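Take a look at the structures listed below.
The two complexes that follow have chain A in common; it is paired with chain B in the first and with chain C in the second.
This part shows the complex of A and B:
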């Protein structure tokens, strides 16, 4: 079988006339010209270089949409069926460019401005001032430090999730029932968890857990009073919500384990611990790594429970980067600085996840 | 008329029969005149409104709010024909705190919608989300509401940018603006000479305390035994508040039998609103009678939050943290007011008037019969910022009630101005909510609003509604005395004021958690952050607006 040429087997061999090609090009370049012209005009108008322009950027957006449509149509006009194939991907690419790449670039621009929503003057470019401010911002570094604790807590979550997955994989009574029950916390919104547990069950005066603690001899139970306990409680609530997620992934991995290998280990006389250590755990490494990495990505976004229960307190002990940015952005309308913090966090996440994936890549392959 | 009565009047007034007949005819005519009849009917209306659902009859429900809304429709009918706004749709943005505010407005406006034919869509916001939502709408030019419930501190942001609609004269007449208490009249609600605000609330912090603590013999004896100076009586200064709070630690609450606590400080932020509570502790120290400013220097916008007065207030909080309920570090003002004080924990609290209006009428309150009120405590000495020294006034302790937030108002947005029918509808809805009679009901029942009109201070009306006279006199006096105080600390109406408060809350959380070496160090950090915000928003314009808000 040939491995070169048209592997997708074009069924029509239509002839594309020079006029069609010219028309297509004219459409693309004409629409692009209109888009660039309007964008430039509006840009000059925004920066008060010229007096005429539009009230909003909306006409530029329309010009972009016209250009995008023309680009897609021109593919078919200029390239026939080859162009139709391009259309399977091109709209998605344009969509991603519009909704991911452009906002990212725009965000990058915003992060180097001093945009405060209360300022009558709007946004002004302020160079590296926001970076300098971040460098001296104890709240941000404190939140980053907390993120390290939160991410480290995943190791404990993993152990619990693995244990539960093993239990639910065993031949226990009412196994299906328990599988559903253990999944329930994952179905709850973290906002609901924070209110039901953080603000109600753990409420110091009338919360049932506080009452039970008093019964057990803790005179004045306080679940969010000291930094350590507060941080632990946040970790516990988050873990309660997301352990089922890791558990279900691990359970799926366990069920996919090759039965022959397990039976072979039994035949060889391995006890339960030896089977787990020598067979199950190594075989489960790829699934484990995937579950942990996805969980880390979830954890890096931790904010809702913190915002609802502690607002980052006491004294910033439970603050996460996201909850801090939320306050900076929402309560202080400090858009420029808040965006910079988010951008820096994005870069840190990209670096961290890249290094992490590189490091764990050798465990990702299931041993043959 | 009885014959003997006729003879008696004739003899006493030296009248003949003809004069007597003239007199009785005149009295009859007077009684038949519509004005007199209306006055009578009007006072009946106010009495009837206050019976819904009745003090002590539990929390009002949606049916009650609708009833009230229907009963106060007359002023609307005088200005609007039935069905005049058919086809008009308005969007109303407001709060849903404690299931009040917008939740009530829906009920109040339902009869108005039925009469006028207009329809209202609602945007409900939690307190903590309010500031951000409003600022984003303003900055991004996406004002998607026609009517907004808003506090006066935001007037700089909204009216200063020309986003609000100017109030028509007929609205001023309908809502009887002259009835507002003095401090809510101009310049509050106005911007560059134009009026924008229908007041529905008059905010100040008053001092709520538990009277039963001071009637308790055991506590009085312990107070004397421990050698404290003076009688065991409600505190009049912050120095006394501090002493009593420390004293009460380890004692027993006379009402609940649980541990007693003194003053309740909210140590957790509340989207910027928590800063008002430090303000209530600080104003007696920081607001000198000869100086209108207490937050910033009016000439430079240099923060005063790290001067000796504010630092002393912060230190006061630190000094009594251990005497407060467990987990207080995680208590925001909503917790201290509704989950603690009204539920019987703690004996002293600064809060808005909601505590007084909820104490006897909210299902969740257990302190209705034992709560008393006064203006915020004073201080034996006051910081003279100009001289840089503490001063003892010859007149006695310095009092400076904190006019925190200056109350909620209803504002109509300029986007309705292009459509005369919509504009009239929006203003009519605002006027309905800000009417004189509906406001009486809102002051008397849980609504999120407190008294703000001269007519709210008629004790007889409250007593007739079922309030205990002593209780209501005490409550209303604490409000009126705060509003009318010559040294009231009135909040500046400058753009971004909540950014200052929000950043201060973050630093205060660190101070309360012991992460700064001293209160001064923490206060300096707040001041440094405030300087950054001022520079970012624009120092010159902030100075100009701050001075204007101080009347300089």
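This part shows the complex of A and C:
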């Protein structure tokens, strides 16, 4: 680790004695040794090679925590001022690595087994069987196709959010009131929303929306009967909760626009639509891209509303990948296959987002 | 009729145009406000209805129907039942406490870890193996892409082995992981806006880098930290997916309780409405009083 290029320079003339370095090393390696020892022991116990061992893996977790603490403390002991800098980032790095990288590797291993929590046979490596099963699983492909529809729905959300942001940025009274009101849907938990809207307001007999549509001449409204309408309803509910999110990002962008440019366009005699198309929209492109990309990332996790309102029905028409895997586990306890589906989904997402970001950045750099 | 000043025809046309634009703007604003508020209004009023009111579709309390405490009584939260023992209320309070504890601790942990990391990344240049500052930042932020479903099943198995299944600590760890990238995203922006000269002055005056961080930088960055905290709180409070998979009796949170009631109740809307209203109420209050911070947090990453 070097200190060149630091924004905040520190000058230290610290001398770190050999004893300090030795103590630091001893702490790290000692704790690591304890961790490895416990883990091996427990591993042997698990596979019934030895009878001696703990009930659970919890002690191994404690050993890991001791090692992590020792590693952080040793930074300061061994490297003084330099170590104090590392200490800013190290806890977060350790936290994320241990909670993401390790479970991901473990998940990768699970996804090639036929592990079913409901069966007593335990897990068995089954090679590419899960992949083959996935290839033939129409419901998974259907869920992926639905995700495409759900992501495309963001374009409509974006238009509405932009409109609302423009409204809030206009010269209006009670701006704070409207801002709070428009923000409210984002605060509500998707589970509560799925009852409030999906299960009661859209209820066919007594729900207010069903009543309204009967007034308007739709004799037997059914919101979750046909695939298209059901999918649209899920999109609408999700949009209702998340439009405020994009709206606020776009509003922040609008408020940061340079006033001079707007005045210049007014002086040049541009009308409202021309100002929007020629000035505001191009200037807002970077913010728009950020908002839409983050919204896509959130959309790819869509599940709560679907699980609670339709559980994927009718006939898988509203299934998202997440809700499909959730049911695969809930109904069949099929951990191995479910994990493989999730892993494939992750790979697809990473490819999609990378391509998206590359395309966007190339397109933004293009001379207009 | 000797009017000295009167509008020219051009001005009159202008004024008419101004009025139409006003009407359109306020019309659109009120229309969307109704869309935002009606579901909340509907839930709150339904919790005071009884069966016939629900079936007749009465909407306005005191005009269409007389409000009753029925829904809240079934939760044990109405005026008559609030001092009596009620198993439903105990259940509700337990879930509520779980939600409060998990979301507050996860947000606190995420803000601490995230602020430290964001500060380090904005001030010093690191090199862990091949990873430089930009790579480390990207590593943190890329966690946002990770869909929860990828981690859910491995964690289910791991937590079972670690005896963390159905425990609040297990949920807190996962929630912290979930909101950490967002906190880092917000805080990086905050620290970048604080001039380095302040810390340099503190270092000259004899503080260490950690002393300068705690005494100089932290107070300035506090509003940003509050924003990150509130945003994390909202996300953790509403989280359903992990809670549904990883908790069963002890650590179950409020969204899981709401979800488990939806199927079984039938037309028993008043009690569901009361439950939903109680579940969303804390965040509605947060939104009304701390709206400034929520908007600040979300706007932080948008405008560079």
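Methods note: the second predicted complex is superposed on the first by the 335 of 368 C-alpha atoms of A that agree within 3 Å, B and C clash if a C-alpha of one lies under 4 Å from a C-alpha of the other, contacts with A are read in each partner's own complex, and residues count from 1 in each chain.
Going forward, contacts are C-beta pairs under 8 Å (C-beta built on N, C-alpha and C of every residue); 3 or more make two chains touch, one makes a residue touch a chain.
In this text the structure is predicted, and so the values were computed from the model without any measurement.
Enquirer: Touching A:56 in the superposition: chain B (first), chain C (second), both, neither?
Expert: Touch status of A:56: both partners.
Enquirer: So, does A:127 touch the first partner chain B, the second partner chain C, both, or neither?
Expert: neither
Enquirer: A:258 in the overlay: touching chain B, chain C, both, or neither? Say first, second, both or neither.
Expert: After superposition on chain A, A:258 lies in contact with neither partner.
Enquirer: What is the contact status of A:315 with respect to chain B (first) and chain C (second): first, second, both, or neither?
Expert: first
Enquirer: Does the superposition put A:114 against chain B (first), chain C (second), both, or neither?
Expert: first
Enquirer: So which one touches more of the residues on chain A, chain B or chain C?
Expert: C
Enquirer: So, A:30: does it touch chain B (first), chain C (second), both, or neither?
Expert: Once the two structures are laid over each other on A, A:30 reaches no partner at all.
Enquirer: Is A:332 in contact with chain B, with chain C, with both, or with neither (first, second, both, neither)?
Expert: first
Enquirer: Jot down the residues of chain A that show up as touching in both complexes, chain B in one and chain C in the other.
Expert: The overlap between the chain B and chain C interfaces on chain A comprises residues 56, 205, 329, 335.
Enquirer: For the complex, give me every residue of chain A touching chain C.
Expert: These residues of chain A touch chain C: 1-10, 55-58, 61, 81, 84-89, 91-93, 95-96, 99-100, 103-104, 106-107, 110, 115, 163-164, 167, 170, 172, 176, 178-197, 199-201, 205-206, 208, 211, 240, 245, 248-253, 256, 286-287, 290-291, 294, 297, 300-301, 303-304, 307-308, 321-322, 325-326, 329, 335, 338-339, 342-343, 345-346, 349-350, 353.
Enquirer: For the complex, give me every residue of chain B touching chain A.
Expert: Going by the criterion above, the answer is residues 128-129, 131-132, 135-136, 138-139, 141, 157, 160-161, 267-269, 271-272, 325-330, 332, 339-340, 343, 345, 495-496, 498-499, 502-503, 505-506, 509-510, 512-515, 532-533, 536-538, 541.
Enquirer: Under the stated contact criterion, what part of chain A meets chain B in this complex?
Expert: Against chain B, chain A makes touches at 56, 114, 116-121, 133, 139, 203-205, 220-225, 227, 230, 309-317, 327, 329-335.
Enquirer: Would you mind writing out the residues of chain C in touch with chain A in their complex?
Expert: Going through chain C, the ones touching chain A are 25-26, 28-29, 32-33, 35-37, 39-40, 42-43, 46, 54-55, 57, 59, 113-114, 116-117, 119-128, 136, 139-140, 143-158, 161-164, 173-174, 176-177, 180, 184, 196, 199-200, 203, 208-210, 213, 234, 237-238, 240-241, 244-245, 254-256, 258-259, 262, 267, 269, 272-273, 276, 279-280, 283-284, 286-288, 291, 294-295, 298-299, 301-304.
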